[in-house]
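For reference, the structure is listed below as structure tokens.
As written, the chain order gives the labels A, B, C, D and E, with residue 1 at the start of each chain.
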Amino acid sequence: MLEVRLRHRFPGFALDAGFTAGPGVTALFGPSGCGKSTILAAIAGLFRPDEGRVTLAGEALLDTATRRFLPPERRRCAVVFQEGRLFPHLSVEGNLRYGLRRAPAGADGPGFEVVVDLLGLGGLLARRPRALSGGEKQRVALGRALLSRPRLLLMDEPLAALDAPRRAEILPFLARLRDMEGPPILYVTHALEEVDALADALVLLEAGRVLAQGSPDELSLRPDLPLAARRDAGAVLTCTVAAHDPARGLTRLAFPGGTLEVPLRREAPGARLRIRLRARDIAVARTRPEGVSIHNILPCRLVAITPSAQHPDEVLLRLRVGEAVLLSRVLRDAVARLELREGDEVFALLKAVALDHAPG
Amino acid sequence: MLEVRLRHRFPGFALDAGFTAGPGVTALFGPSGCGKSTILAAIAGLFRPDEGRVTLAGEALLDTATRRFLPPERRRCAVVFQEGRLFPHLSVEGNLRYGLRRAPAGADGPGFEVVVDLLGLGGLLARRPRALSGGEKQRVALGRALLSRPRLLLMDEPLAALDAPRRAEILPFLARLRDMEGPPILYVTHALEEVDALADALVLLEAGRVLAQGSPDELSLRPDLPLAARRDAGAVLTCTVAAHDPARGLTRLAFPGGTLEVPLRREAPGARLRIRLRARDIAVARTRPEGVSIHNILPCRLVAITPSAQHPDEVLLRLRVGEAVLLSRVLRDAVARLELREGDEVFALLKAVALDHAPG
Amino acid sequence: QAPVTVFAAASLADALRLLGAEWAAHGHPAPRVSLAASSTLARQIEQGAGADLFLSADEAWMDHLQQRNLILPETRRSPIGNALALVTPTDQARQVALARGTDLLALLGPRGRLAVGDPAHVPAGRYARAAMEWMGQWDALSPRLARAENVRAALLLVERGEAPFGIVYATDAAASARVAVAGLFPPGSHPPVTYPFALTRRAADNAAARAFLDFLAGPEAAPVWRRLGFSLAG
Amino acid sequence: MMEGWLSAEEAQAVWLSLSVATRSVLVSLGPAVLVAWLLVRGRFPGRFLLDALVHLPLVVPPVVVGWALLMLFGVRGPIGAPLEEWFGIRLVFTSDAVVLATAVMGFPLIVRAVRLGLESVDEGLEAAARTLGAGRWDVFVTITLPLMLPGILAGAVVAFAAGLGEFGAVITFASNVPGETQTLPLAIYTATQTPGGEATAARLAGISFALALGGLMLAELIARRMHRWLGRG
Amino acid sequence: MMEGWLSAEEAQAVWLSLSVATRSVLVSLGPAVLVAWLLVRGRFPGRFLLDALVHLPLVVPPVVVGWALLMLFGVRGPIGAPLEEWFGIRLVFTSDAVVLATAVMGFPLIVRAVRLGLESVDEGLEAAARTLGAGRWDVFVTITLPLMLPGILAGAVVAFAAGLGEFGAVITFASNVPGETQTLPLAIYTATQTPGGEATAARLAGISFALALGGLMLAELIARRMHRWLGRG
């Protein structure tokens, strides 16, 4: 359990943020300049805030009240930086072993071979960092952090410097890492895609303050948060793989309220996964349409119609399907045309290919 | 008219590309490392290829056959670089006037005030580059290039270093520039969004060679080109603004084959604009569905069913609407389920909000 | 048998090379010779340098050491001397009668300078100053001097024709083919140029050093000194 | 031994030292920038030799440098003779000779610093300027030169400091002419060569140190402003 | 005048010069790295004074440096006396004295270069190393030091080259004893003190230059490898 409470003033910027993070991945999400890196640096011990207290599993890493400031090397909070920061004079193996060699004897964690396997670094060990692609660099940085046997893993936009294909290449490694029962992870990003793929908890930041903290599923449904204004806004459904149908090229996902048909996935039946259903991809119909290519037609109840703050001509429809909630973004005009009212029974329409291809 | 024909060998990379560019914006589009920057540098005179010929409006800028190599300062091809390359020791005004002061006396082009207005630089003139945000920097770089009164404007991924909001901030300036009757523009990018917004012509590059050259509308329909494999692949329609309906929050766009309803836009009626209809956003139906929120239901003929090379479970449907062609991406299973055959009459379904909000 | 360490004024370089070789030819270990300005050497001896024999070009620095009890006064002697010469570049050779009232300044012309060792600290310069005072020309010449770091640098200035005249030791003049002697300063025009030699305090029991000193001051060395242009003390 | 604060001659030596150090830096700057440019951007066969040549004054004893200068610039030297014949310029024994000797000795130091300054100039900016219509020379003057100013300043400072202490080459080439070529180091040297001159020498050395300190401080101030001006602050 | 290639004494001088230049660089390196680190990363009040002090040998004439060393390390000096009394170490007039004088003279040059090398080390890498469990000193040894090697090399080269030419401080502090403290520059001086010694002097100066050239060339080679090794090639 990580508890963070920080206050600091830079000229033109004031940080005043507090949050807690449990096991698994906690994402720090917010626009550029909102203070994410500053928070991470303060936790890692690379920056001394005016005022604050950071405790990890009950031990104070920082407490300005008692003038406690544990030096970074004794905090055991490894950081994966946006720019990788690999040591240019060491080989990949040298980089990986740097933290490992310095980890306390008793510290538990995956061994060298395990991490090399996990991150697919086998063929790279003898290379120098400059001979790595951007994606490979970040994988090494990840491995290096992991092998230092940290009690907390801090990641500062580890994918931001990469282009889309490279990002897609690394995301599955991160997902595997999360599922490995490793240390808690604090993950800074401004890509919702990464939040969806990884985050168990979400801390929303804006201008140095915490706007909201909670599960991604829950926060992504709140129209008052800036998340709702994004082009990729939508509900996040936690599903289980129910069955594969390779003949039809489909996988059926079960969620509390129904099933979704999506393009064939690789996960084994029973696997849990989180799917973002973008509001812009979901249409509604009064009656079940016939003879359409759309695979997912889910009966649901329209529970709320919320105007969109950003686009006056659009509204967000909140749709309940069993226990799950979906969001649909439509034009104001559609609401009038279909005479939609809160409480109506409608069908949510969702193209299967609108869902992103599974990473990995 | 720009004619380019270049051949060059780097260790591990061979460039062998030829294309022509007319007035307006010609986009050079291709993956990282395919030779885009090298081509631009050769045209600008910053790089001397093994072999090649570049002519602009009939004058040879480079001709290895006759050993002609016009130095860059006499080519009058201004470049906007990805990293801006503003002169750090000059104010914004000093940067802007740098090229202006060196432009030939007779050269025609927008005046200082016009460019400052166009790019919204009024408040920045006295600042130093380091005091500018990334987006402001690129606007200044653009203005500086423009004010040197170039005969050709070369832009090397001018938006790539910026994040999405910053990109959205600059795109309209580029669009205004294109509509200004300025010099022809060669625009390097690997963002389809920018091609859609700006390009009159498209040159597709891969590994140093030209794959195809043509109008963006035409090339985006070709399933044999890598464009079709992208998540944002789809048809580009050139439309005219037919009418606004502010009460309903809609604009009606006419295209050769029908009309589209889209969220209210700012362009005046009669304005031409290009809209990318992403294949993944388009569903098909055998019969016209009733009571659905979907605004655009276009009767069309299914002219071709092409398997998707990248995703074996998906197919691309080529739909003819009047003279226009749309692409729809659906699961193979949908084709089976609806028993779709080439030649069938179907309806294309497209949510209005699936279209991007207009820049500007 | 350890070699004798000799600290010698740089102007004795040539002589020590020849005499050292001769000494070695007698079956003794060749002396170790450290050459520098007498002032530098004296300061080094003052700071404990391992010199057995000090050959100074200047009585003042020998006095300085003697006052500090760093040499053996009974060994101090000045077996050789030198004369002071007015030299010109060979291609401008001419004779100048050096007497009280000789107008050296006029000989220098409007721009020419007189090359000397710096009278502030170079012994040859100090003798030159005395000679100029004797001629009654010091005040006039003093601003027209090219003060060199040592006497050989002064000689160089004349050799190269940078200065039309220079005042150097007769030995330097004799050794250089590129300068001609315009005149020798008469013995009374400056204090006698003598080279005080002495054993240092630390060499009190050093028989070899004592022997070498005797050799240098003795008849065997005389032809060499004479050949190089030194005068032998009566 | 000198008593009191500064004798007239010493004051003159201080003044001459400052003037010589300043002038030698000023005359070196142009050639140093040129040579640094050749070393960094040049692609000609003799580049390494030029590099070595520039280091020459650092490598051989200063007295030898002075001696070589005398051979070259003396009235009978291959440069000195025509200089006198055609232009009536005679260098030796003038304060110009002191400046020349000092400049030559400081040259490697200044070139090294200027070179680092130049290496830090982004060639991309130069390319950008050329596409905006500026020719090679124009680019050099308006872009490269301003951007390498910090390096030039650093070089000027170290050469100035070293110039205040230059001795061997100066006394050999320019001789010690009080009021004309007697710089502070020469005065210090003279003092150390005089029995009992320690106090004077120490005092003069202190002055020399204070001057260099002042120069360094000034440079630090200018460098800070310059960095801010260049947008690196 | 000397005939033939190299007399035994001259060969000894060449060898001594090489050995002295090398040893003086080696003894300077540690202190230079420490001082550079203090100057770049330190935030203490006397920083500027330390900077000035480091420049001192550059500012005052070498002879004065030698003289000051003589006063300090002489058998009666405030450092030399206890050194002799307590440890029986007598520096003056040994080749160790030559090394000391040369090291002191080269110190400003080496510090300047090391400093630039240090300034180019990304502090982000140091921070990263600390989060991986490395303490300050560990980080310095395993990250900072290897990354500043090019700067250290550059400093070593220039100090080596300058060390080959060091004269005034050496002759004053260490004396001019052939085979013991007579380095090349001192041999050159001795030659110029001998009538007709110009040819010998010129020949020795040529050797000195060739040695420095060799050092520079070697350094250029090493620097290239090093840059490749550091992933900047």
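In the analysis below, a residue touches a chain if its C-beta (ideal position, glycine included) is under 8 Å from a C-beta of that chain, and two chains touch if they have at least 3 such contacts.
Chain-to-protein mapping (UniProt): A, B = Molybdate transport system ATP-binding protein; D, E = Molybdenum transport system permease.
Every value quoted in this text rests on a predicted model; they were computed, and no experiment measured them.
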Chains touching both chain A and chain B, listed by label: none
Chain at maximum distance from chain D, centres defined as averaged CA atoms: A
Label of the chain whose CA centroid is most distant from the centroid of chain E: B
Cα-centroid distance, chain A relative to chain D, in whole angstrom: 60
Inter-centroid spacing, chain E versus chain C (mean Cα positions, whole Å): 35
Centre distance in Å when chain A and chain E are each reduced to the mean of their C-alpha atoms: 56
Contacts with two or more other chains, residues of chain A listed in rising order: none
Set of chain C residues in contact with two or more other chains: 40, 43, 153, 156
Set of chain D residues in contact with two or more other chains: 63, 67, 189, 192
Each pair of chains that touches, named by its two labels: A-B, A-E, B-D, C-D, C-E, D-E
Interface residues, chain E side, partner chain C - complex: 67, 70-71, 74-77, 80, 90, 92-93, 171-172, 175-182, 189-190, 192-196
List of chain A residues in touch with chain E within their complex: 44-46, 71-73, 75-79, 81, 83, 85, 87-89, 98-99, 102-103, 128-130, 144-145, 148, 154
Touching residues on chain C, where the partner in the complex is chain D: 37, 39-40, 42-43, 60-61, 64, 111, 113, 115, 118, 120-122, 143, 145-149, 153, 156-157, 160-162
Footprint of chain A on chain B - complex, ascending: 32, 163, 165, 231, 248-250, 263-264, 280-281, 283-287, 289-295, 311-314, 328-334, 336-338, 349, 351-354, 356-357
Chain D residues touching chain B - in the complex, by the definition given at the top: 122, 124-125, 127-136, 138, 142-143, 146-147, 229-233
